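Please read the structure below before turning to the comments.
Chain naming follows the written order as A, B, C and D, and within any one chain the residues start at number 1.
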Amino acid sequence: MSKYQHIKQSAYDANMQLPKLNLVLFTFGNVSAVDRELGVFAIKPSGVPYEDLSPEKMVIVDFDGNIIEGDLRPSSDTKTHAVLYKHWTGIGGIVHTHSTYGTAWAQSQRCIPIFGTTHADYLTVDIPCAPPMNDEMIKGNYEHETGFQIINHFESMGFDYKEVEMILVGNHAPFTWGKTADKAVHNSAVLETVAHMSYLTEQINPKAPRLQDSLIKKHFERKHGPDSYYGQ
Amino acid sequence: MSKYQHIKQSAYDANMQLPKLNLVLFTFGNVSAVDRELGVFAIKPSGVPYEDLSPEKMVIVDFDGNIIEGDLRPSSDTKTHAVLYKHWTGIGGIVHTHSTYGTAWAQSQRCIPIFGTTHADYLTVDIPCAPPMNDEMIKGNYEHETGFQIINHFESMGFDYKEVEMILVGNHAPFTWGKTADKAVHNSAVLETVAHMSYLTEQINPKAPRLQDSLIKKHFERKHGPDSYYGQ
Amino acid sequence: MSKYQHIKQSAYDANMQLPKLNLVLFTFGNVSAVDRELGVFAIKPSGVPYEDLSPEKMVIVDFDGNIIEGDLRPSSDTKTHAVLYKHWTGIGGIVHTHSTYGTAWAQSQRCIPIFGTTHADYLTVDIPCAPPMNDEMIKGNYEHETGFQIINHFESMGFDYKEVEMILVGNHAPFTWGKTADKAVHNSAVLETVAHMSYLTEQINPKAPRLQDSLIKKHFERKHGPDSYYGQ
Amino acid sequence: MSKYQHIKQSAYDANMQLPKLNLVLFTFGNVSAVDRELGVFAIKPSGVPYEDLSPEKMVIVDFDGNIIEGDLRPSSDTKTHAVLYKHWTGIGGIVHTHSTYGTAWAQSQRCIPIFGTTHADYLTVDIPCAPPMNDEMIKGNYEHETGFQIINHFESMGFDYKEVEMILVGNHAPFTWGKTADKAVHNSAVLETVAHMSYLTEQINPKAPRLQDSLIKKHFERKHGPDSYYGQ
């Protein structure tokens, strides 16, 4: 049995959640799960339908994007995952989808405004939207550069990837992450729901104000602060 | 067997309706069921996925928010339920969700206008939206104050909680109630459907008029008046 | 066995299609099926959940709204069905729902514009919207008058109920009919889909033109004309 | 066994994907699969519900629209399929649906703007919308002319049917094609998803810019270019 079996299983389980949560059409998404000790991650093979996946088909890749184990070609977005794992050392899993509402906001090149407590339960700022990449980055090592586009946007905004676990890449689609692959998938579903709610909010009231600071802080703290009292 | 088994079962059954009715993502909702004689209610434990729930996992709490029985931490919204049960003595069950359309209206800080008979079958006024809470309330005993925000808004509007069984809390999400936990869940689904229809109505005709008084009264009376003839 | 068993079965089968086609929440809809020889129709009992229905629970009513057979109270909309059966002698089944998009158009008090061939496959005019009823009709024999509101609107517009098998009642919701209860349910689903498409069409292009006459005629004729060639 | 069994099976399998992918209500769609050697294609019979289909019920038709084998009447859109097969010799399968978002764009008489990478993964231009047909074409050999409306629009735009595998026919609905019937169905689902996303994008940001050329090229090339690296 592969010594990477545990992350293959985690990546498989997390990938299989995407169609169940209605986050993907066909193969429009991928999840990876990392083993920090071994310095590798398991990721979905490219273009393989979810119904044909198995843990054994996950591909093992290192943080420079080299294939370590696996017969199939890894996701075309593999280098983006690799860059994020290499630079953000606290991440355990990464998800990329083209979920409908999240992608629509990315195509609109707008951050998703924080309008309510559903959003504040997860992050205290608008869901960031990195600007579209420039022609040089696109024509170069595209997926590699996508990772840096994300990291650079976080640095320019002063965001901490442990507090803000999601981003839109302008004209493209959402990326999310978390301590585990499962948590990263959870964040993808939250992003999609918040994207839907924020869209509706602006349609219902184009002048809807952003959430007041006290409520943002309260909801985030009760779930993530030192005195949190949400969950078990 | 616990002497609270009957309300644990009621609360469990009602909670399990939420995902079936597409009113919740993950654990974004909770239902409670009260026993007025015993002065306690059963409520969902905090952050436990619906597929892992069982009647035994429901937590028993009194009207001051004290845990009476149960190994798990109750819903983070428990104090809101407690305040409502304490002051509105005719309520048998309470539901809180972040259902998509209802939450979008709450985030828009607008009441849901009464545009049709679907709405009038349940209440004769716009679905009220309490203003967002002030900083003091939020920084204080937040969930406790949420209950008072609801009660105070009803008092200021002159509404009777037996006639209007639902409210939006501005920037937050819907709360509903009823004679039983089942009826409260029913009202949550109705609120979500009416929220969807009213949203569409304004999109189709921004000048759509509110329902005329005679039709409001007729539909409400035929379902809830002394000479009602809806149902068995 | 009841001599009305055949229409009880038809009405039951047709009613059970409504939740499958996502046309109803809870009990927000009803279907009836007529026997012209016997001068009666079978209709859903009022407020009974679809999962508890059986053919035996259908109620037999005559064209004046008198209950002929059945232990349960018939749908609160029974008199509307009776009026339509009495005056439109070619109808075999009637459906009333509060389906989301159809109801939104009814609440908007607008006819659904004919924008495409999907619509023209079924009718050659905008889906009509009868004006809201006046206070006198509402305070009087309401459901009985609802039937006349529909019939009078058809007369004033010069429509033939055999060619236009659907209507919105302003501020209320859709009614559809057909040669059989099954066909009436089919029409309800078509109305809901067309209502959704027309809504989107106006959002995408507020100046979208109505369908040209030649295409309206072509699509209707190929499905319903003397030389129709759609279907078997 | 029919010597056309293989295309009957392909057409059947592909047709059965339409309801699973939520692309059709009732019988609002059809798929065909061709055998170029035999010069015929298999197509869905007209108006037969999907649940009643079987491979044996598929109808075999030649490129002039003559029925070669089969007891049932073929889809009313058969002549459109025949024209496309006759003129576009690289096509293996064709799909026509009235899917909700695609049809709404067709009714709006607008091309679907290319706003993001989801779109660019499939084609490098806006999804074209052929103008509505003129009265003469409609009153003449309508379905035959529909095929020419599609082909003529491609010629006038300078599009290659091997690179752009989808179109909207103004006021009508989408047509898609591909090397196989399966691929054509795949394209229909992609069109519907992109139509949904583009609609939302314009709602969220009415001034959303079209995708920059470098990103269009990059995404198309990585999936379809000579050095493609998507899939296995």
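By definition in this document, contacts are C-beta pairs under 8 Å (C-beta built on N, C-alpha and C of every residue); 3 or more make two chains touch, one makes a residue touch a chain.
From a predicted model like this one, the values you see are computed outputs, not experimental measurements.
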Going by the stated contact rule, which chains contact chain B and chain C alike? none
Please report how far chain A has to rotate so that its Cα atoms sit on those of chain B, a copy of the same sequence, as a value between 0 and 180° in steps of 5. 90
Among the chains here, which has the CA centroid at the largest distance from chain A's centroid? C
I'd like the Å distance between the centres of chain C and chain D, where a centre is the mean of that chain's Cα atoms. 33
Averaging C-alpha coordinates per chain, one finds the centres of chain B and chain D separated by a number of Å equal to 46
Can you list the chain B residues in contact with two or more other chains? 203
Chain contact topology (line, ring, star, complete or other): ring
Which chains touch, pair by pair? A-B, A-D, B-C, C-D
Could you pull out which chain B residues touch chain C in their complex? 115-118, 186, 189-190, 193, 196-198, 200-201, 203-205, 208-209, 211-212, 214-215, 218, 222, 229-232
In the complex, the residues of chain A that touch chain D are 25-26, 28, 45-48, 72-73, 76, 98, 100-101, 103-110, 132-133, 135, 138-139, 142, 171-173, 199, 202-203
